[in-house]
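In what follows, chain A forms one complex with chain B and a second complex with chain C.
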Partner chain A sequence: MQYFKITLIRSGIGMTGRQNKVLQSLGLRKRMSIVYHPVSPEVAGKIMKVKELVTVAETDKLETKKEIQESRRPPKGFVVEKKVLGGSV
Partner chain B sequence: MSLPALRRLLRPSLLSYSVLSRSIIPTVATRTALLTTSAVPSSTPPPPPPVSAPSTEPTTLTSSDLNLLPLLRAQPQHYATIHIQGFPFLVTAGDQVTLPFRLKDVTVGDQLRITHVSVLGSRDYTLKGAPWIDEKLFEVRATVIEETSEPMRIKKKKKQRTRRTKTVKSKHFYTVLRVSQIDVLEQ
Partner chain C sequence: MFGPFRASNPLFGGLVWKIPWRLSPPQKYRHRKRLQRVDEVIDTLESALKKQGESIAAIERWRHEMPTEAEMEARDKYTMFDRKSKTYRKGVHKTPKWTRISQRLNPPGF
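What follows is the complex of A and B.
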């Protein structure tokens, strides 16, 4: 199954009510939020209504919200070698 | 609407260049580790560094870097740019680092081994990772010495022509580390 990976690049602030309603229906809330929708003429039409605000890619892999969040998290940068016994404060 | 038609319409060349030229699909990064020397001045300016998309894997050394690595290792003192939860800190052995946050899952007294280092250098040589240096090349250790907090700060918020003043108090927690060891390992 093919999916559109839609990323909101430009904010909907200052855009028309219609464009904001389309963003709402796509599930795009904040800038740089990513949403997956199956490829269909309906979704294609929605993208065309907000094409100036959005970047689109086609994939067959879905990413859950948690996975997107994890991919954005910076690495911890360390490993605990010796743990001191006893609880934290 | 057909997909090819949609693709044609969403091509960056037809839309605003400044906004939509960014691609969300990452390009394949060219991974190069640069081991440079500052001791020997070069007559010709060095070539500009290759522009590449950021990669997340540590770099593999080239043969020229491997030749210079013993020279870096032989130097008496080293520094490193360690990254803790994305925050970079330039440290040497014996440095105290006050992190601007509290490290979770860590208690005072724990010994940490740093895994993400982007720059490893000394007086005459610098090894730069793109973005990280291979873990097999270094050993950087730190100890958690303190979990403290900042002095209380009070922010007053008041609008013009209004008598109401809102007070917001902040007292964030910080973790303090001491970097105990920075070693360049033998290959």
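What follows is the complex of A and C.
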């Protein structure tokens, strides 16, 4: 099944009540939040109402909240080459 | 002359927000990117619906009426119609919320 991956890039603050209600109905509350909706004319119509505020991608698999968080985690800055067994070196 | 009660324009007349007359080159660049982002959203919506054999009136109307960023002339991109100004044009950045609205068309002949 195909999904729209919708990311809120620009805040809806100060936009029309109608656009903010559409964002609410899509489940977009904060900037950079991601929601998935199945590809359908209804959802496409909603996205058209807020097209200046969001980016859209088409995908076939859903991401959990944890996976989204993991993909956003910055690199740790080090690489573990070899683990020493037995604790203290 | 100095201090908190000096006579300066903003303090005397209240709020003075100065919007520059013209857009700077980086502003224009970011504006183009925003236009392209909207075009991309519409492309993905259209192609995704097409795979299901569907289409919606809002997209069809947009395709019929609105030029894409590449098709737009520079004067429509960066300026818009203004009935009060001498040249009937003003910078598009004078529009309220200009970074979050689609302002692509102008009255024919202006």
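Following the convention adopted for this analysis, the second predicted complex is superposed on the first by the 77 of 89 C-alpha atoms of A that agree within 3 Å, B and C clash if a C-alpha of one lies under 4 Å from a C-alpha of the other, contacts with A are read in each partner's own complex, and residues count from 1 in each chain.
Just so we're on the same page, a contact is a pair of C-beta atoms (placed from the backbone, for glycine too) under 8 Å apart; a residue touches a chain by one contact, two chains touch by 3 or more.
All of these numbers come straight from a predicted model, not from anything done at the bench.
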{"item": "First, second, both or neither for A:Gly77, with chain B first and chain C second", "value": "first"}
{"item": "Touched partner set for A:Gly14, first chain B, second chain C, both or neither", "value": "second"}
{"item": "Chain B versus chain C as contact partner of A:Asp60, first or second or both or neither", "value": "neither"}
{"item": "Chain B versus chain C as contact partner of A:Met48, first or second or both or neither", "value": "both"}
{"item": "First (chain B), second (chain C), both or neither touched by A:Val39", "value": "both"}
{"item": "If touched residues of chain A are counted for chain B and for chain C, the larger one", "value": "B"}
{"item": "Doubly contacted residues of chain A, that is, touched by chain B and again by chain C", "value": "9-10, 39, 41, 44-45, 47-48, 51-52, 55-58"}
{"item": "Residue numbers on chain A that touch chain C, as the complex places them", "value": "2, 4, 9-10, 14-15, 39-41, 44-45, 47-48, 51-58"}
{"item": "Contacting residues of chain B [partner chain A, same complex]", "value": "1, 3, 6, 9-10, 15-16, 19-20, 22-25, 82-86, 105-116, 141-142, 147"}
{"item": "Residues of chain C defined as touching chain A within the complex", "value": "34, 37-38, 40-42, 44-45, 47-49, 51-52, 54-56, 58-59, 62, 97, 99-102"}
{"item": "Residues of chain A defined as touching chain B within the complex", "value": "5, 7, 9-10, 39, 41, 44-45, 47-48, 51-52, 55-58, 74-84, 86-89"}
